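Two complexes, one shared chain (subunit A), two partners (subunit B, subunit C).
And then the complex of A and B:
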């Protein structure tokens, strides 16, 4: 593949845990309860994606690893919710921006992700970025693979965050 | 017909850059984008915007540093700078206001979260 994709930047997240909620039609959807508990505990969700298929829904959310003990404490009081959650530790997000609402760009980045061999646990787009969730241990390697095929400005912003804002 | 004025939007949050840029484009401005102070300086040298919407907290070179650099430069001091500040940082005056050990010569400011209509008012007012 030639170096034809243009982007303005790539951002990598800190280490996070992926939390999945699966809901079947017969059950009460615990998603709102989960979000309420996270809000009350002031736990940020850097990634949030809800999906629905037939009568089933699933939500995937990322929580910073350092916030997981607080999140689990908040959830522990709700037994019904606690049994609906699955945790996948040590994931990270890689965001490429801007996608300019171009489906071909999004498809090409997804193809590159596949070619890189990195597992894809989640995908979401915002108004500017497309964000993919993969293993935290493979984050830098995956970003390096993408940069072989995506042209970035010469003086682009660093991939890793050096500012971390925390709500207390 | 007069040429559209160029606004540079600088923030390390790509979604904020995009939403502000879309609003500016819909209001008939040309838009350039940058994601930190270093990138912003490159854009300023290349395109010389009429106004910069500049976030304060950014990697590599923050908004205060870039603002100081521009306002102390004969070449760039006339570019209007509107700072984006977190609510807790909101400044009450923009003429050498002292905050957290920083001083700023920004022409105006708007606190986050941004009210886009209010921002457009600030942009138009400062470009008059």
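And then the complex of A and C:
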């Protein structure tokens, strides 16, 4: 594959934990309960994907690893919810931008992600960026793999975040 | 160096709540190991200048990576043709096309770094008994996909708790 893809930047996140909820019966609204607890505990969710099909609900959320002890304390008070959550520690996000809603670009990035061998746990497009969740230990290596096929401007900013905004 | 700043709003500010109607939602479930093959197929779909309005993906089930892809109605033909390709059927565990659907989205200042946005939006919809098919948040964007005719009601519900210009 030639070096034909163009992007303005690639950004990597801080270390996060992936939280999943899967409910296969009606009558429970685990997402609402989870979001309420996180909101009340002032915990940000940098990534969220939630889908419902028939009576099944499946949600995937990212929480900064430093916030996980507070999140677990908040969730412990809701036993029904707590038993339905699964945690995958040490994940991170790679954001490539802009995607310009272009399927050729997005498809090529997905193909590269698949070829890199890094697992994909989640993906979401925003107004500009395409954000993918994978193992934190593989973030830098995956970003380097992408840059073998994606041209970035010579003056693009560093991959790693230079500031850390924390909600209090 | 640590800098502490306070950003507080009585009502959370957005840059506007938008609703798009008459959209197509394709939900394609694949085995995670087939990601590169799906990417290849998606890239080929893009050669026809097909634009996607939104893509979300996550593990709907443990060994199943579900892609939710939203397109404008004018791309429906390409989408149906795409989903019927043997090469796409071969890598898919299931394909569901839902149309028409409606998409509501909004962006706001520093949404990617702030807590409580998704909770406030979800709560406002729940109070009006408005169910979504898919919800996604990343960076400063929040997206919901609804069945037909729910978009305007959802916009009204969210307009009561978020500030819009």
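We take it that the second predicted complex is superposed on the first by the 162 of 168 C-alpha atoms of A that agree within 3 Å, B and C clash if a C-alpha of one lies under 4 Å from a C-alpha of the other, contacts with A are read in each partner's own complex, and residues count from 1 in each chain.
To be clear about the criterion, contacts are C-beta pairs under 8 Å (C-beta built on N, C-alpha and C of every residue); 3 or more make two chains touch, one makes a residue touch a chain.
As the structure is a prediction and not an experimental result, all values here were calculated from the model.
In the superposed model, A:49 lies in contact with subunit C only, and not with subunit B.
Once the two complexes are overlaid on the shared chain, A:129 sits against subunit B and subunit C alike. In the superposition on chain A, A:95 makes contact with both subunit B and subunit C. Between subunit B and subunit C, C contacts the larger number of subunit A residues. In the superposition on chain A, A:111 makes contact with subunit C only, not with subunit B. In the superposition on chain A, no contact is made by A:76 with either subunit B or subunit C.
The residues of subunit A shared by its contacts with subunit B and with subunit C are 95, 126-129, 165.
Interface of subunit A with subunit C (complex): residues 20, 22, 29, 31-32, 35-36, 38-39, 41-53, 56, 58-60, 93, 95, 101-115, 119-131, 165-168.
Interface residues of subunit A, counted against subunit B in their complex, comprise 8-9, 11, 95, 97-98, 126-129, 153, 155-158, 161-163, 165. Residues 4, 27, 32, 34-47, 50-61, 65-68, 96, 107, 110, 112-116, 118-120, 122-123, 126, 131-141, 143 of subunit C touch subunit A in their complex.
Residues 12, 14-15, 17-19, 22, 33, 35-36, 38-39, 42, 57-60 of subunit B touch subunit A in their complex.
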